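Got a structure for you, written out below as C-alpha cells; questions coming shortly.
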Amino acid sequence: MTTVPVNMTKKPEPHETYVHGHHWRSAEDEKDAAKLGMWLFLGTEALMFSGFFCAYAVFRMLYFDTWHESSKYYLNWKIGGFNTLVLLISSFTIVQAIRGAQLGRKMMAFWYLAATNVCALTFLVVKLGWEYLPKIQKGELPGGFFTYGHGPAGTTHDQVFLGIYWVATATHGLHVLIGVFIIGWCMIRTMKGHFGPKNYMFLENTGLYWHIVDIIWIFLFPMLYLVG
Amino acid sequence: MTEQDSHDTPQHLAATGDDLHHEEMFDNDGHFVGAHAHAEHHHVTPFMPMFMTLVILVTLTIITVFTAEYVHLPGFGNLALALIIACIKGTLVAAFFMHLLYDKAINTVVVIASMFAVLLFIVLTMTDIGTRKLHEPLESGEIVVGGGAQWVEKNGKQVVDVKGHYAPAYDAAPGKSVLDAAREAYHAAGGHEAAADHGDGAASADTGHAAEPANADHPTEAPATDGAHANTPASTEPH
Amino acid sequence: MSADHDVSFLKPVGDYGQGGVFSAQWWRGFTTDFWRWATTLDHKKIGVMYLCATLFAFFLGGVAALMLRAELFEPTITQQVTDAAGNVVTKTTGELFPGWQSTQGTVTTNNFYNRLFSLHGTLMVFLFIIPAVPAAFGNIFLPIMIGAKDVAFPRLNLMSWYIYLFGGIFAVYSLIAGGVETGWTFYTPYSTSTQWGSVTSMVLGAFILGFSSILTGMNFIVTVHKLRAPGMGWFDMPLFVWAAYATSIIQVLATPVLAITLLMIVFERTFRVGVFDPALGGDPVLFQHFFWFYSHPAVYIMIVPAFGIVSELIAVHCHKRLFGYKAIAFSSIGIAAVSFLIWGHHMFTAESPAANVIFSALTFLVGLPTAIKVFNWVATMYKASITWNTPMLYAMSFLFNFTIGGLTGPPLAVLSTDIHLHDTYFVVAHFHYVMMGGSVIAVLGALHHWWPKFTGKMYNDKAARWMAVLVFVGFNITFFTQFFLGTHGMPRRYATYVPEFTHLHQISTIGSWVLAVGLFGHLLIFAQSLVGGRPAGRNPWGGLTLEWYTDSPPIEHNFPHEPMLTHGPYDYDLVVPPGWDPADYPLPDPETVRKAHGH
C-alpha cells in the first residue's frame, strides 16, 4: 500500500477521512446514489399524500358550495398562514445549514439547524395548541366522532371535510415530528464533526425531506384554509 | 461493515495513483481533506438566490391569502388561482431549495414521473365520480348506501330510506335540496358570526335546528348496512 | 482481498465441534451462524432468506387453496327429506368443514370459506408473488448480473427484509385472531363496517409489507443506475435486470397509494373518518379507485419480473441470441407506464359509463407490449437448438399458460362482456392463468434455472421434468374448467353452487390434487439435491450473463475482481460460454454472424 506522508496539524474530523462504502467505486457515485434514492423516497411521499389530495379533489367537486362554508367556519386562515410562513422560513434555514457544512463552518451549520428545529416546534405547538385542542374540546372531530351540533352546512359534508382535514394534517404533522427528530440527530452529528465540505450527504437528504414536508403544506394550506 | 473494508483501498489507490497530488489531499491549512478532492466539484449553495427564493415564496403566500380572502372570482376561479400559486411555490422550493436546478437530470425525471402519477390518479378518479350524473342524476350529498334513496318518516323523523335500511341522515323536508337545507340552517344560526359562538351543541339541539345531524346522538353508531353484510360472502358491490 | 471473502456465501463459519446437534459446541456454532445471517448485509443471504419465507407463504396459501377446492367438491344442499320413520327432517349434504362457535359468534361453513379465500388471496399476493421474484431472485441475482458487489443500500435491504417479516407476523396474527372475510381486495363498506374478525391487523400487515416492497424497489433502481460493471451500458444489461428495473418503477410509484389506502381503512375503522362511508358523506366507490390504482399496477409487479425470468430461460436454454432485445426491454418499461392508466377496468360495474369507456379503451393498450414479448420469445426459439431440461419446460409452460391468461383479458376489458363475466369464475380463471400459470410457473422455472448457481448442487433433472409435466397438466385441469364455470354463471367467492356445476367443479378439484403432487415432488427433488446432489460447476447450462462467471455458489463479494464487460448478455453466436470447451461449442463463421447482424 502506498504510504502517504501525513503531516497533520490536528486530528482529522470524521468527515475528513471518510472515503466511501466498500461496494462503491467512488465517493461521487455513492453521493449520487444516496441522492437518487432520496428523490425516489420523496416520490413515494408525494404519492402517499396524493391519496388525501385525491379524496379532497373528489369531495370538493361534489360538495363545492358547502365545503366553502365548512372551511370558513372551522378553520382560521391566520393560523394556517402563520404556520405556512414558519415552514417556509425553516426551509430556508436548513438550506443555510447545508451551506454551513459545505463551507466547513460547523457552528453555522449547527445554529441554522437549531433555527430550523425551533420553526418546526413552533409549527407543532401552534397546530396542537391553537387548532387541535380547541377542535377536540368543541367536538369538531372526524366523521363518526363529530359531536358538534350545528355546522354551517349541518350536513354530512362537514363531517367529510373535517375527516379529510384531520387525517391529512395529522399525517403531515407526524412528518414534521419525525423531521424534528432527524434534524436533532443532524445537530448531534454536526457537533461530532460528521459533516464537512466533502461529506454532507446525510444533511442534504434531511434537507430534502424537510422541503417535501414544506411542499406538502404549501398545497394543504390553500386547499383546506383558503377554500373561500 | 468492518469485515469488508480492508480489501478495497489498495486497488483503488492504484487506479487513481497517477493523478494523486499531495497538494490536493491537504487544504491550505494543511488539513487532510481526503484522496478524492480532485475528482469532485461540489456546488456550494449560494446565499443570495436562496434568500430571494424565500422572499418570493413569502410574497406568493401573501398573494394567495389576499386573493382568497378579499378577491372573489367566479366559479372555480379562486381555487384554480390558489392551486396555480401553490404549484409555483412548490416548483420554486424544488428547483432552488432542493437543488434540482443544479443536480443531475435523473432526479428531475423522478419528480416528473411521480407528479405524473399523482395527476393520473386524481384526474382519472375525478373523471369517474364527476361524470356519474350523466347517467344517473346525483345531487351533491346524495351518495347514500346502495343508491336510490328516498325520504321516509320514521319515529317522527324524516330519514333516508335505502331499500329498507335507514341511513342516519340530517333532518330536512322531503323534496328540499340538501344545499337549501344547509343554507337555511346556516342563516338560522345567525350566519358566520353568531354561529361562531358554538360552545354547546345541546342547546342548539333543543331549539330544534333543522340542520342537526341525526347521528349526532349516536356518534359511534355503525352504518346501517352492518347486519346485511356480516354473514354473506364478501362480494360487496356498491351499485 | 482477504481470503475469507473468497469462499461461498453459504459456507458456515461457526465452530460446530464434533459432538453433533446435542453438544453445546454445536449450538455455539449455530448461534454464530444464525447471527451472521440475521445481521447480514450480503444481498445473496437476504435473497435466500426471502426465498425461504416466500416459499413458506406459498405453502400456506397452497394448503388454503386445496381446502377451498375440497369444500367445492360437492355443492352444499339443504333439503327436507323423509326419513325411515316417516318424519320430515332437514338434511344438509356436501359441507366439508363444519361451523363452530367463536367468541365473536357462530362461524358457519360459509364464514369459514370466506376466511379461507381471503387468507389464500392475501398470502399469495402480498406475501408470496409480489416479493418472490423481485425480493428473492432479484436480490440474489440482480447485483451479480450487473457485476456489482452488492445492492446500492445494503442496510436498507436488510431493513426491508425485517419489515417483511414484521408484516408477515401481523398477517399471521390476524388469522389466529379471527381472520378476515373481505377477500384480498378489502372492499368498503364491508371492510370498514364489519366488526367480525380482525380486519385492522390484516390491513396493517399489508400496509407494512408495502413498505418492504417500496424499499426493495428503490434499492434496485439506484443499483441499476449506479452500480453497473464498467463497460455495461443500458443495452448490455440482461433482460431480467430490465424487467426488475421496470418492476421497481411500479413498486415505487404505486405502492405508496396502497399504503395510504390501507391506512385510510384503519382510520375509517378507528376514527370513523367517513371518506369511504356514505352515512358520513363519503363514497365507498372511491375506495375501489384507491385500491386498484395500486393493485392493477401490482399485477404487473407480479408478472413483469416473470417476463424477465422467461427471457433468461429461453436465451440460455436455446443457446441463441434473443430476438428483439430492445423490443423486449422497452416493452417492460411500456408495461410499467401503461399499467397506471387502466385500473378502472376492475370497476366496470361500479363506475360511471364515461369512465368505463375511457378505461376500457386504455386497457387494450397493454396487450401491445405483452404481445411483443411473446412474439419475440417464440421467434427466438425458431430454429434454435433447444435443450429440453426442466427450466426450458417451464418456459414453454409459461408461454402456453400466459397466452391463455393474456387472451382472456380482452374479453374482460370489453364492457358488454365484462358485465356478464365480472365476479364470475371466468375472472378467477383469467387471473390464475396469468398469476399462477405465468408468475408462479416462472418462479419454478427460475428455481430450476438458478438452483445450481446459488446452491452449487445439481438436481435430478429427469424426475424434475416429470414433475414439471404434472404441474402443467394439473394446473390446466384445475383452471381451464373454471372458464366454463364462469361463462355459465358460477359467481366467485361462494362456498356452494347449484348442482348443475358439480362435474366441472369436481374436475377442477381433482386437477388441484395433481398440481399438489407435482409441487410436492419438486420439493422432494430439491431436498434430495441439497443432501446428495453432485456439484454443479460454474456454468452448467452455458449461460453468458455475469452470474455464470462466478463460482457456484457465488463467493461473498460475488467476483474476485470487479468484472469488466467484454460481450453482450446474449452473444451466443460470438462467445463460447465461460467454463465451456470451445471444441464442444462450435461457433458459427464470424463472417455469417456479421452479415446476419447487418454490421
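Letters are used for the chains, namely A, B and C, taken in the order the chains are written, and counting of residues starts over at 1 for each.
The rule is short, and it goes like this: a residue touches a chain if its C-beta (ideal position, glycine included) is under 8 Å from a C-beta of that chain, and two chains touch if they have at least 3 such contacts.
Note that the structure is a prediction, hence the values are computed from the model and not measured.
Taken as a contact graph, the chains are fully connected, with every chain touching every other chain.
Put simply, the chain closest to the centre of the protein, by Cα centroids, is C.
By number of C-beta pairs in contact, A-B leads when A-C and A-B are compared.
The centroid of the Cα atoms in chain B and the matching centroid in chain C are 33 Å apart. Inter-chain centre distance (chain A to chain C, centres taken as mean C-alpha positions): 36 Å.
Spacing of chain A relative to chain B, judged by their CA centroids, is 14 angstrom.
For chain B, residues that reach two or more other chains under the stated contact definition are 1, 4, 7, 106, 113-114, 117, 121, 125, 129, 141, 143, 169, 215, 219-220. Counting partner chains per residue, chain C has residues 225, 253-254, 257, 272, 277, 279, 281-283, 286, 289 touching two or more of them.
Shared interface positions of chain A, i.e. residues touching 2 or more other chains, are given as 22, 32, 36, 40, 43-44, 47, 50, 54, 58, 62-63, 144-146, 155-157, 159. Those residues of chain A lying in contact with chain B across their complex are 1-2, 4-10, 12, 16-19, 21-22, 26-28, 32, 35-36, 39-40, 42-44, 46-47, 50, 53-54, 57-58, 60-66, 69, 72-73, 77, 81, 84-85, 88-89, 91-92, 95-96, 98-99, 102-103, 138-139, 144-157, 159, 197-198, 204, 207-208, 211, 214-215, 218-219, 221-223, 226-228. By the touch rule above, chain A contacts chain C in their complex via residues 22-24, 29, 32-33, 36-37, 40-41, 43-45, 47-52, 54-55, 58-59, 62-63, 141-146, 155-160, 163-164, 166-167, 171.
Chain B makes touch with chain A in their complex at residues 1, 4-5, 7-10, 13, 17, 22, 25, 29-37, 39-40, 42, 44-47, 50-51, 53-54, 57-58, 61, 64-65, 68-69, 78-79, 82-83, 85-86, 89-90, 93-94, 97-99, 103-104, 106-107, 110-111, 113-115, 117-118, 121-122, 125-126, 129-130, 140-141, 143, 169-170, 178-179, 181-182, 185-186, 189, 192, 195, 198-199, 201-202, 204-205, 209-213, 215-216, 219-221. Within the complex formed with chain B, the residues of chain C that make contact are 1-2, 4-5, 41, 108, 110-111, 113-114, 118, 181-183, 187-190, 193-196, 225, 249, 253-254, 257, 272, 277-279, 281-286, 289, 293, 340-341, 343-344, 347, 349-355, 358-359, 423, 491-495, 557. Listed in rising order, the residues of chain B touching chain C in the complex are 1, 3-4, 6-7, 106, 113-114, 117, 120-121, 124-125, 127-129, 131-132, 134-135, 141, 143-145, 167-169, 215, 219-220, 222-226, 229-239.
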